[in-house]
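Listed next: structures, encoded as structure tokens.
In the two complexes below, subunit A is the common chain; its partner is subunit B in one and subunit C in the other.
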Partner chain A sequence: MSSSTNEMAISMPKTAAPSRWTRWRFRHRQAIEGWLILTPILLYYSIFFLFPIVANLYVSFTSWTGVYDSPRWVGLANYRVYLNPPYPLILFNTTLFAVVILVFQTGLAFFIALLLNEKVFGRGLYRALFYIPTLTSAAIMAQVFFAFVSPFDGIFNAILKELDRPIVVWTISTFWMRSFIILYSIWRGLGGPVVLFLAALQGIHREIYEAAMVDGARGRDMLLYITLPLLRPMVIFVLVTGMVGSFQIFESVLLISNGGPSNTTNVMLLQIYNDAFVNTRLGLAAAGAMITGIVLLAFSITNMRLLSRGQASS
Partner chain B sequence: MWSSKLSRRHFLQASSIAITGAALAACTPPPVPQAGAAGAPSTAAVELIGWTVHGMDPANEQFKPHREAVLAHFNAKYPNATFTHMEMGWDEVLRQNLVTALLGGTPPDIIVGENYIQPYAEQNAFLPMDESVADIKSNLIEGTYAAAVTGGKMYGVSQLTGCFAFERNPNVIEQAGLDPDAPPATWNELLEQADLITKAGKEAYYGYTLQGPVGFLIGGILRFAVYSKTAGADMSKDDGATPWFNNPKSEQVLAFLRAIHKFTPPGLSFNPDEGQVYTQLFQGVSAMQICGSWHVNWAKDLGLDNAKYSAIPIPDKDGIPATGVVGNVILSAMAKSKYPEEALYFCRSFLEDDVQDLVYPTLGRMPSTRSSLERLKTNADEANQMFIDLLLNADLGVLPQWRKDPQKIWTVYNELITKLLTTETPVLTLMDEAQTAAELVVAQAV
Partner chain C sequence: MRKRLTIGRVLVYIALISGSFIMAFPLIYSLFGSFTDLEDFYANPWLPIPHKLYLENYRVMFNPAFGARIQLGQWIFNTVIRCAWYIVIPGAVAVLAGYALTRLKFRGRDLAFTYLLSSLMVPGIVFLIPTYVMMARFPGAGGNSWWGQGGHGFVNQWPALLIPGLVNVFYIFMLRQTYYTIPLDFEEAARVDGANTLQVLWTVYLPMLKPVLTVLVIFQFVAIWNDFQWPLIVSSGNPEIWTLALGIQRMLFVGAQAKGIPQGTVQDYPFSFALATVAILPLVILFLRLQRYFVEGVQGFALRG
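== the complex of A and B ==
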């Protein structure tokens, strides 16, 4: 050290050592800034997502009408109700609809996307036509649907009458009402997965197919060994989001069957709505919401792990 | 030394703090009213808020005379009070909005309803009205406010009302070779006429329209309940709190429904579109049905100008001239209203003579006071006179309001009716099954 530096050091006034808090704040300044920047969005998320979930969890352990009284703690009583009729049937219906709609909708959407990926005349029009049901109001679509299945003057029964066959009262048949709800849901929900698969297909470079053709691969080989593996991420996404969406089936059941006949088309979300606003049993409705959330979470995690494992091994 | 330039880091820090502070400030809850202040007279201007109060929508010019008459009475006692109408739907939609508002602490002062008043009143949601209408109670028709009575107290008054009658298409009846001016008075006569008309129709027209069950909806149940009332077959015990689906008197009612269903156009009973079900009579596909008082204008609008109306046919043995109240709008004052006295008086204003006299000409519905109905009868056409007679003289029934899980209990009842109309299972077996299922629902309610 030079003498001038020593003189400067000697002449500089002495300052107090920074406090422990100041030192801590200095060491963690970047983290503090990060948390400050994240605070608004965390607040939003906490208020509109986390808090309602925690509140819902609490309410699910209470008996509460929400009209004038306060919640009364009842422990697991609301969850035990789900072991009694008609709730097991409602859970079964929801799972049935979710799985069947998901499987058929995904498969059909993939097949349609493959076709739409080909260079055919009017391809743009076909793409729009497949997406229109997704954009249309559910209530209007249900009315259109009823024009076909109305037991009194529906088109299907009119055809049966013309063929001298007895009419079918579709609305009291479990098989037919479930089938109609599944068909209606597939019809309405097809557009989204088609667009997603189409986008994924168009993201596959043509050179890959050309290279495969040079090696002697044919259509089926290219589909199984090139298209499907490369589309796996999109398939996972469609399956997970599709299951979450299908499990929350509500409007089609409300508009078409209202849960009948005899709760054989009743689903979780419709029953949660009825428990909350018709039966004024908020605790039971909250328990239903928790069960639905847990089932969806379990499915999503399991599905992603299984498919990711498959992707890693392939 | 401070730099005159604000660095990016400092800008981000300052912005985050500002936004966080703004968000926290926005989350401040509204001031909670002090305990005991609810109901205390306010020196500030009073604003009553009412949901879906019929005839009070300022945007509808047709309602203006009715609205002004109500406000004139109300403001005569509370000159500084105002009323704000909010359209919040009806039935399920209205109840959903009400529950949400109660949870959020923003309920209205006045609410309307038809068949949920009792359970809500038992949970202290409404104010008792006995004192505020004590002097005019004798002029009110008991059946019109019965759905608001529980524990011996009245929690609502009927603003306007209606009832069921028996509707006939004389063109179809005449075409079948029967006298259109001879309505069936008993169930056996009804079955005979329906049978003859259906046979004559040869699938072009049928004798009767029976609205069947749909999910847990009560449209069809309201009509079944009318026949139950004429047979004295209550559907409930304990003042409407407990289902009684295996009431021995119900056996003949259900047997009758099974029989009359054979004369309904195939598939029509299970059509979920109630409007389509009842318009078949106007279109000449059906000859007879139970109808509400709004059918008089509805029939004319759809081209049937000469529809005929009569009393509900009753059982041949021990039948009771009765009908059911329907389209009955009950006004209630919310217990959480900041202005309970004003809210109660506002409801009472609807029962004044000049207001009730405007119900039919401006709202197209029936008034619910005896004096107004009698005045209306002197000028009413033949069809409306029938409904007025029924309101004044018949035994008026109301649907039970289940205290626990009404959606599930009505689903059980609709299942009973579905099996009744689609199978040949003995009626008593179906009744016992339904009663067991309903009791299970009540027992499992937490």
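== the complex of A and C ==
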């Protein structure tokens, strides 16, 4: 036994001297615990996240029905399909919806949060009412909303009939269908940003506004020079996560308009779904997924760069 | 605390009341409409006011006599199981991973976190098809050979609804941020008293993580309760394991038959309203009860995230 062990034996209770293995375990206990927790998680992640991304990339270069045959390499053929109609229109629709929904939803939510921030009576009730649509199921509410817009037995047309006006075949009109889907998405998505903005607004101390008032600032100045700058991190968060969400609307387009009239409300997610499960062209669908992913990544990065200009990194 | 009643405040109230009315209108319409029969429904399109309380829509849904096509109870049960599963496991994973990534120091810790974070930028659609194929070609399951060929794997079986999505990087991120706001003193005090890691997590951190965990529970519950796309893709062929969102969707097509209306004559909107109400009501009630904790959690996130 080395002398160091004897020294330890004097000051510690009477146990056997720790072996090298035990000492190694003690010195590295944080690493052992850390990897004990992380290894299953990283393994699961590699199987369910990393592998699908790689596999999707591979499948996008093949032609495959997924059921009857094996993948057959076709190179960039799937991506070339995206150059022909109706695919450019689909890309356009996806971007159009994403930007319009995001801008109006965030702006409206900000405005409402400002209103709610005043000492209003029943604030909790209003906040709940704004948030409840977000809790609903996209698919089921899409069915309910369809009831309004259905051409021959829908509610809007029933109202028009009551007013002795001619009915409008909403589902044939590009403008009405796009507007309706945008309105539906805004309706569903408003609650989240409202709650977040309100929480951030309530974190601003009253004293700042009072000090500004002493300096002669009016309401508009306070909004521009105090509120907006202080809320910037939250605005960035809402815009970045909102962009990811509004790019991926699916249920509403599927159930209200089914991409139609003539693909004018068809978005990437719907087309990918159709390609994969209706037309069984998995390679094409995978290519679509890659394209959507790249476009979304580009938008997100641009978004973050634009907004974080001058902002200290979080 | 009464503020002066100025024009400005009146306008604020007008805006808020009309705004929240507009938000609630489709839901109110749907609620009222679910209690009308078709005649009453079209009688007043502005707002369907039932002149007689018409419960047939609801009775049809809950009536097991309509056979295997409508199994509302089974679907609710399935959905609750999925919700519980997907709250407990991703939640536990997030708590553990958050702890490992913030409180433990070891080489490769930050690299592991960056590795996990990379998936957040990728849209969910990219995972859809590969995960489906993984479920369908799972080796050894559902008639598959060891290479995964031949059968249908886990498609239309329970595992396909329970295996994917157990590790949620967003929640790990959220928990990690929250761990950073908790001072180290509490854990150190517990360690001095001789607690091991599991005890520390359970007695010290878990109570302090309650706000963010409430947000996690609500988000997950809503997400899994409403989850439609994945069950649609992976379990369409087996009504026994459908979730509520999927089953209700399908009921819209079967419901007319169940009520004895020949299909194709008129779309039964009141019936779909009743379905929507049944699907939404549990979430609304849950939210109203937990609203306070939810707001606390979101505020914590907003001020420190």
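Note that the second predicted complex is superposed on the first by the 268 of 314 C-alpha atoms of A that agree within 3 Å, B and C clash if a C-alpha of one lies under 4 Å from a C-alpha of the other, contacts with A are read in each partner's own complex, and residues count from 1 in each chain.
Everything below uses one rule, namely that a residue touches a chain if its C-beta (ideal position, glycine included) is under 8 Å from a C-beta of that chain, and two chains touch if they have at least 3 such contacts.
Nothing here was measured: the structure is a model prediction, and the numbers come from that model.
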Next item on the list: Would you check which partner chain A:78 touches, where first means subunit B only, second means subunit C only, and both and neither mean what they say?
Entry: first
Notebook entry, point to check: When the two structures are overlaid on chain A, which partner does A:151 contact: first (subunit B), second (subunit C), both, or neither?
Noted result: first
Next item on the list: Check whether A:171 is in contact with subunit B, with subunit C, with both or with neither, and answer first, second, both or neither.
Entry: first
Next item on the list: Applying the touch criterion given at the start, work out whether A:33 contacts subunit B, subunit C, both or neither, answering first, second, both or neither.
Entry: both
Checklist line | Which of subunit B and subunit C A:68 touches, first, second, both or neither | finding: first
Notebook entry, point to check: With the two structures laid over each other on chain A, which partner does A:129 touch: subunit B (first), subunit C (second), both, or neither?
Noted result: second
Item checked: Which partner reaches more residues of subunit A (counting touched residues only), subunit B or subunit C -> C
Margin query: Taking the superposition on A as described, I'd like to know which of subunit B and subunit C A:280 touches: first, second, both or neither.
Written below: first
Notebook entry, point to check: Which partner does A:262 contact after superposing on A: first (subunit B), second (subunit C), both, neither?
Noted result: first
Margin query: With both complexes superposed on chain A, which partner does A:94 reach: first (subunit B), second (subunit C), both or neither?
Written below: neither
Check: Across the two complexes, what residues of subunit A are contacted by subunit B and by subunit C?
Finding: 33, 37, 44, 47, 66, 150, 153, 276-277, 282
Next item on the list: Could you please specify the touching residues of subunit B with respect to subunit A in the complex?
Entry: 9, 12-13, 16-17, 19-20, 23-24, 27, 92, 95-96, 99, 102-103, 119-120, 123-125, 213-217, 265-268, 270-273, 276-277, 280, 335-336, 404-408, 411, 414-415, 418, 422, 440, 444-446
Item checked: Residues of subunit C touching subunit A in the complex -> 1, 3, 9, 12-13, 15-17, 19-20, 23-24, 26-27, 29-30, 42, 45-46, 93, 96-97, 99-101, 104-107, 109, 112, 115-116, 119, 121-131, 133-134, 136, 164-167, 169, 197, 222, 225-226, 228-229, 233, 245, 248-249, 252, 266-267, 269, 272-273, 275-276, 279-280, 283-284, 287-288, 291, 295, 298-299, 301-303, 305
Item checked: Of subunit A, residues touching subunit C in the complex -> 28, 30-31, 33-35, 37-38, 41-42, 44-45, 47-53, 55-56, 59, 66, 112, 115-116, 118-120, 124-141, 143-145, 147-148, 150, 153, 155, 158-159, 161-162, 187, 190, 195-196, 199-200, 202-203, 233-234, 237, 244, 247-248, 250-251, 268-269, 272, 276-277, 282, 285-286, 288-290, 292-293, 296-297, 300
Notebook entry, point to check: In their shared complex, at which residues does subunit A touch subunit B?
Noted result: 33, 36-37, 39-40, 43-44, 47, 63, 65-69, 74, 77-78, 81, 84-86, 146, 150-153, 157, 167, 169, 171-172, 257-263, 274-284
